[in-house]
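Labels run A, B and C following the written order; every chain starts at residue 1.
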Amino acid sequence: MEFTYEFDWSVIARHEYRDYLLYGVAYTFIIAFFSTILSILIGIVIASGRLSPVKYFVWPCSAWVGVARHIPAVFWILFFYFVFPEILPDSLGSILHSWGSYALLAGIVALSIDNGTYVSDILRNGVLAISSGEREAAKSCGLTSKQQWVCCLLPLATRIVLPALANRTIHNFKNSSLCMVIGVTELTWATQQIESLSFRGLEATLVATIFYIVISLIFGSVSHKMENRLNSCRYSAKDVLNKPSLSVPTT
Amino acid sequence: MKLNQLFKNTLFIFLFTCAINSSIVNAESIIDQVKKSNTVRIGTGNDTPPMNFIDEKGNWTGFDVDLGSEIGKQLGVKVELVVVNNKTRIAYLSNRQIDMTISNLSQTRGREEQIDYAEPPYLWTAKIFYARKNEFKKISDLAGKKIGVNQGSNAYTAAPQEIMKYSKIEPKIIAFQKNAEGILALKQGKIDVFCQDSPIIAALAGESASEFEVVGTGFSPGLYGIGVPPNDSKWRDAVSFVLQDMIKDGSYERIYQKWFGEKGLYPMPHNARPRLPSDTFGDMAYVLPD
Amino acid sequence: MSLDWLSFMMIGGWPDGPPGGLLINIGLAVSCFLMGFIFAVPLALLRMAGGRISGFCATAFIEVLRSTPLILLLFWCHFLLPIIIGINIPPLWSAFIALTLYSSAYQAEIVRAGFSSVPSGEVEAAQATGLSKSQVFINIVIPQGLRRMTPASASFAVSLFKDTAVIYVVGVIDLMQSGLIAAERNPNKMLISYLVMAAGFAVVGMVISLIGYKLENRLNFTRKVVSE
């Protein structure tokens, strides 16, 4: 083993390199935040399409999920940046091409498409996981179909899907690093940029890696806490049956 | 805090390993290592036609690759090609993971501080601004425009420097991972100019070259040098002498003709061979006398 | 898109030259999945039942790898591992190392979830019949755990195959890279190159999904038979 690398932490302290890292962190959060929001919207649309009673909504959505979940995120990113404006009408395409922030938008949309298919799967499974007993119970209480969803089924489903959704969000946060391939100046791009200017990328890469790990772990533990909390205030049918005294007010 | 402990420990172990290793200093010259192992490790890129690229048969080829294998032949050792990219080529050299790099590496002062170069630079090109036809007349028109570069190319610093000579408005630099992506972005209008060395641009533009033109003239010398690890003058001399021998005995010329000659794969309009000023020396190759 | 470019994107120069294209993606996905599984089982066991220090190390290893973006892991293995161990790693090998680390961490969690999902009643029942701890583990926990983790493993296999697309950033000539090369050399056929890339990933991914689905059904079937 021979090792001649000497750490020089002054590299990341120099203001131009530090700025790359700070802007990188900001862009990473922007991409992660907006693509997560957008992917949840996409997921809701696709999931309701797949669950809808209308056949013409079901199969396009199912087909889309079947195909899109096998396509890599980095492909979507390059596709949206380089190819998508080409297949639009010329005038619209050239507007997108010449728009300075298009790389950022393309990255966000691409990650949303990628994450959206997973989110739709999670949501669909969440709704399907609500037992038919719970549905019937809601119905027999005399709730309208809208009330059933809003008051009973959706809150239940939320509780079921939350852990998986949190997992996907962490994954999506990590995937934001892929946007470097189209020149979005996010954190991973910044480490490469520092490497190419100072020839010392190791320090910056170490800092970036620790950043990703810390954020992922924090988010993971927060979502874990939230999950525990939701579960602790949950009374399932079984609990109520076992402890009838709970439902009888004592004087 | 458990997590906190975790990070501290991992970081500590990592830094500790590094510290142990860094105390080992290697004093042997690379030339001895190369002779002993009978192989020379040459770092070359694989995404920059015509210098180094993958052809449609999947073979690794290009001017740099041919030059590298010829140098190996002249040294009398086997060549082990190592893939580098524009960002790793310097770090690999300074860590002595490779014995030399032949990878469209322009000589710059910043790089000279990190590594050494063999004499002379083997291909003399220049950075140019490349734009769509009839958009810009001179370099001063590029103020405040979107300039595309390849991440790891010194165009990142050279291009704004050149433009700022004429104007106070800073251009916006967009750094792509591959040169080809830069050309594509230029064609699509995502950037206004692409800045890179002239032979790379010529090869990448290929058939669509008629849609583009060069703005102004070449501005920053792109003198491609063979990079060698720093502080090993024995090895640096060995490589320099082999390169100069190749220029003298015509094997350099053969490779040059194959790629950039009139009947070559990528004919180059100007003479990019290393040479001495013609008003003093006529047309004499840049080779040091014995 | 000429046939030459199509074969370049699928198999590279193979069998005469170096393999490339889709072949690399499939080969890497399969080998890294298997290698990852080999590392995942001991990791999961250490995390579940290891001592304080070994358990902590396994947990740290898994969590660190799971929270690092794959592209950064790839940069570590490609740029920084060579600096640390002082030998050059060709891009394909660094991709292999990175993907193996990545898949071992993810699969360790899958294996752990699989083992811990075996109902405690079954374990207790087995212990009551007088089986030793290791016998219980080998005969009850492992077969059931493996069966229970099949769906998660299958969907991880699909996502691992997808993730092999990223390795092009370190210079491996995989399907992604060869598609981009094809697109840049034939600028007016860019859309077709991209479609071929997408089709390559989608078709192989669907085949993997299908295999996983079949496997799942078959295992469920045997379980039903056993339980009846």
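Note that in this section a contact is a pair of C-beta atoms (placed from the backbone, for glycine too) under 8 Å apart; a residue touches a chain by one contact, two chains touch by 3 or more.
In this text the structure is predicted, and so the values were computed from the model without any measurement.
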**OP:** Provide the labels of all chains in contact with chain A and in contact with chain B.
**Re:** C
Subject >> Identity of the chain that, by mean CA position, is farthest from chain C >> reply: B
Original post:
With respect to inter-chain C-beta contacts, which pair, B-C or A-C, contains the greater number?
Top reply: A-C
Original post:
Using mean CA coordinates as chain centres, what's the chain A-chain B distance in Å?
Top reply: 39
Subject >> Centroid distance [mean C-alpha coordinates] between chain C and chain B, Å >> reply: 36
Original post:
When the C-alpha atoms of chain A and chain C are each averaged to a single point, how far apart are the two points in Å?
Top reply: 21
Original post:
Which chain A residues reach two or more other chains?
Top reply: 1-3, 5, 82, 86, 180-181, 192, 195, 201, 213, 217
**OP:** Scan chain C for residues touching two or more other chains and write them down.
**Re:** 63-64, 79, 83-84, 86, 169, 180, 190
Original post:
Residues of chain B touching 2+ other chains?
Top reply: 18, 21, 87-88, 91, 95, 177, 181, 184
**OP:** Within their complex, state which residues of chain A touch chain B.
**Re:** 1-7, 82, 85-86, 94, 97-98, 100, 102-103, 180-183, 189, 192-193, 195-197, 199-201, 210, 213-214, 217, 221
Subject >> Partner chain A, residues of chain C touching it in the complex >> reply: 63-64, 66-72, 75-76, 79-80, 83-86, 158, 161-166, 168-169, 176, 180, 190-191, 194, 197-198, 201-202, 204-206, 209
**OP:** Over in the complex, which chain B residues touch chain C? Could you list them?
**Re:** 6, 9-10, 17-18, 21, 41, 45-47, 53-54, 56-60, 82-83, 85, 87-88, 91-92, 95, 97-98, 177-178, 180-181, 183-184, 187, 204, 206-208
Original post:
If you look only at chain B, which of its residues touch chain A in the complex?
Top reply: 3, 7, 11, 15, 18, 21-22, 24-26, 86-88, 90-91, 94-96, 110-111, 114, 146, 151-152, 156-157, 172, 174-177, 181, 184-185, 188-190
Original post:
Can you list the chain C residues touching chain B in their complex?
Top reply: 4-5, 8, 12-14, 16-20, 56, 60, 63-64, 78-79, 82-84, 86-88, 90-91, 169-171, 173, 178, 180-185, 187, 190
